[in-house]
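First subunit A sits with subunit B, and in the next complex the same chain sits with subunit C.
Here is the complex of A and B:
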């Protein structure tokens, strides 16, 4: 009790001291998982923010920028809403950011609408989120944005028949619809669409059926971690690769799990917006700055989404300070060079317009590590799911 | 015909992996009657050690796997002495709470040590190669797991039914006081059996990792699966667990081939129906 009292007093005093010393501090509340199975996301957001601040300082114009982190644990809309409320009312933040999971982002829409708080989504990839509030801005991607170009590209490569295998939940079904629509529009045939229960541990039956049907390619959408690991293993071991059935995916080979997949990942084809191996100066500078403080950090889409999100916040603070509507206005149409390539904040969908790259997993001859080597590029793709 | 063969082959292979990951639990929970929710934790420790010894220390798979199992036992023995010895005497709810708490500790420790990403265990090339069955191919490690599962069930049957140790264990479990009065060192018997359960958990963790890859949250991710196998098999019956694992494996695989969208529903539906009809499990003693 005594300790608690002292702590509370300390907090009160420091809050008081704080508010008088830095009257012009803009606070940004970050809602993300920092514990549990998804803690990696929170860690990566934090590392990206620290990296950006190390490069660009903690102030922009006359404004000092401070980040406040809140742990939401996992996909938990009620908790996300409660944390947003706490951040807006008690912590008096001017901006919100983070959001790994779609339901968490959706849950705060009414709040930010009311408080007119610009909210930068670092991750959650369902198109419809941004329809819920004018104050949502997204620096990650949408599932349609990467799945459609992949289908187009596959058709252009001479792939005529495909089977889709997706995990049976919202994002998986989005990916299935996007791929199917684009592939059929081109004239390709989707022979079968298999929806695999989320709890699937053994993918052999699904992949054996695919093999027996012998399409040109198999499109997959799986949550990261164990399902991707087992799926790609089964893809190799049941001879789908040897039978010439091409693997087409999106986030499956993302960097934080890539090394664990091992040699079985070599040759997997994915369409995605960021590869750690992206060959530009902007990316090399970003990686160098990141590694300075976090030598073991792995740069992936979640990290670059946060990094670009911070860039966007800095821009909005510089342009409009704590004026929410003006800040969003200033962000629309903004163009900048990100580690992943050129970005534009689309004024209509408020999701970044970006290049989508066709990559193949290779082992880097110098480092001996697996990487997503970029083989092709589909330039400036917007959120194709917006009107669907 | 091919479909039928596919279901049989994949079903048995999957069922055997279910058996391998659950057999340790059917020793500790089934035989020793301690609700050991930390079973997956021992599998996790075994898998994490095998990952570390293989990938970071650079030992060959078989040595890494052996050392990892030995390491898990080395952790399990003091835990048995200090913690489980008290847990045996608890009521059921207290056992659940104590062992789930232990599980969280194990998860947090592995998370701190190795992080929350996948901990891959590299198999030797011989186990990775596909084997031609005539009508299709099957990865060699699936065959190895089938062989290992058969060896484990045979070994356990011999140990429990045909050795003096087995007789003493069964006596100690059925009536500890009387067994003690007959001069059986029940404390030692319990410790050895618990170590056996932990070793089997680690073995299952390592060899099941091809299908159920190891990461820090492994114990929670697959806890329901372990418990289903033991519950459907029947408490106290290793053969029951074996039958349950194979049966459930074949049924779920068949459902995945025939009605992929409903596979999980079919699996749990059958589990519920089975347990409603036979609450004591397939071969459980009442």
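Here is the complex of A and C:
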């Protein structure tokens, strides 16, 4: 298999050799959605990259770093693979980055394995991606990484019964499994697991049945945007809040949606790895640099995932230039201070080990804006889904 | 003989493209696969006059069938294509029996519904299809045991092109056969065809099944080249975009499907590469321009141009 791979590589190497000879410019191909309903991801990646470059310059060591953007539109593995091929063969990139959706990342795994291209995942959150190639490095998070600590924490807060309500698609089911496994391990009881159609806009029947069952808490996993808005509205209007059924979520109150949710979001509890309101100098510096060029930009998990991804790429370029295997080697075990807190690149799972914070939505007295105020912290959580 | 000039020119261009754009083979291969898919819609919509916005149902079935076949049974690409074609034909036959009983808007809605149901089924059957993560682990053996799929995509391109040519020839024979002519008749006037004793229902189903098989082949090609199948193979956007490509090129002409797909995807590619943020404007403008100035599609461009020169008002161009 190894030999076969090397032979196949031979053809590619002749094409790639040109770029190695002129190692002074390192090119990074970014595959992300820049158009359509998911364009916000691409915009945020781009803003994060520009912010990092404004802070640290466009060169590291002797190498100039250049980013090449490719629009993949949405979950579209055919397109992702073709774009990766184009970037590797024609654009002669030395690194790949981006990847919002799991299938897109999975589709390039055989390519980066053959061409030995370090690939930094800015978002896609399914644990198993990194098993497909040792050239994958992930600076976002995995669903298990945030769902499990939330269940642990909820049990410690005296919550004994819960109902899970998740959108019926891959990530939703992952979140349900993670929450249930951790909560039941602790001794809690998941009374019911409700899967809601992905496109539903009316949550009343689901939440009414949750209210009737009267658990201590309701765990939710929803795709971003309008569903979250309707869900929280229904949560309030159907009296779940008044009945003392606690809302537990993960990304539901993320910053790009938060202001739109309005006062009804106040008090929602989530476990997540980044809040714009994170109170450290590193985060304040990041936000200041971001706002300098993009005054209206909202920093959320996707942006900070890209920002840390760029940091990782800069580190790898400095340590190994365009030598893929050496670059990955140099990244393993790397520790740095990110806007979200301390990070370590786990040598085994190649996903960052990070703190997960328990947050509550509050209105900031000074700015009058809603924010995810950090109330608690579960330190240094790795990818808990790696062995599941 | 004149009918052969345009298809042969297209083939020549495809062969030349391999040498002119050696670094873009992945993209060229995607065009070729899409051409096969749009050809299937041309047969169904352009010739048989069945309005469909759900051809992705057959494309997706072919993709999943070929993917699963290569994982669990045999990695041979041609056998995979056959399985994909069978799956596409089977889905078209099953759904066609119901869908063809309807007309007009109802029919369109039903074709969309079939694709949506399959999408949900694939989502639910996570253990089998991998759900939203996609079906992975597809390994494809060398074509005919000789040509291994390579990193740059040379084998992939020739393989896809050969399949596309075979499909084109097959469809060209079908549309010129008595069966194909009867499809045209049905397209013009179903009532008259019934009156002369042709069974409209069964002929439409037959056309739908052949179209389904071709769409299944396109899906199988995509699965083998990408080595991953995601839920998006059943997406409405895929069906709709393919119909736009067909209308762009000109319906009811096989070369129209080829030209429309190539132009749409090339413009999309160049626009997206030059401006990954606002390229959709260019596509929108292109579609609007063609619909306004060339209602019969790009295939009518030469006639429209000569019309413009010959009688200055260009009124003849509209009559095509």
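We adopt the following convention: the second predicted complex is superposed on the first by the 365 of 388 C-alpha atoms of A that agree within 3 Å, B and C clash if a C-alpha of one lies under 4 Å from a C-alpha of the other, contacts with A are read in each partner's own complex, and residues count from 1 in each chain.
In this section, a contact is a pair of C-beta atoms (placed from the backbone, for glycine too) under 8 Å apart; a residue touches a chain by one contact, two chains touch by 3 or more.
Small disclaimer: the values here were computed from a predicted structure and weren't measured.
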Fit or clash - subunit C, subunit B, common subunit A: fit
First (subunit B), second (subunit C), both or neither touched by A:168: both
Touched partner set for A:237, first subunit B, second subunit C, both or neither: first
Which superposed partner A:382 touches (first subunit B, second subunit C, both, neither): neither
Which of subunit B and subunit C A:342 touches, first, second, both or neither: neither
Touching partner for A:39 - first (subunit B), second (subunit C), both, neither: both
Contacts of A:321 with subunit B and subunit C, given as first, second, both or neither: neither
Contacts of A:85 with subunit B and subunit C, given as first, second, both or neither: second
Partner chain(s) touched by A:128 [first = subunit B, second = subunit C, both, neither]: second
Of subunit B and subunit C, the chain that contacts the larger number of subunit A residues: C
Superposition-derived minimum Cα distance between subunit C and subunit B (Å): 6
Common interface residues of subunit A - those touching subunit B in one complex and subunit C in the other: 36, 39, 168
For the subunit B and subunit A complex, residues of the former touching the latter: 2, 6-7, 10, 13-14, 17, 111, 115-120, 122, 128, 130, 136-139, 210-213, 215-217, 221-222, 225, 252-253, 256-257, 260-261, 263-265
Residue ranges of subunit C touching subunit A (in the complex, touch as defined): 23-27, 29-30, 123, 126, 131-134, 136, 148, 150-153, 222, 225-232, 272-273, 276-280
Footprint of subunit B on subunit A - complex, ascending: 36-37, 39-40, 168, 194-202, 204-206, 208-209, 212, 225-226, 229-230, 233, 237-239, 256-257, 260-262
List of subunit A residues in touch with subunit C within their complex: 8-9, 11-12, 15, 34-36, 39, 42-43, 69-71, 74-79, 81-83, 85-86, 89-90, 102-103, 106-107, 109-111, 114-115, 126, 128, 132, 168-171, 173
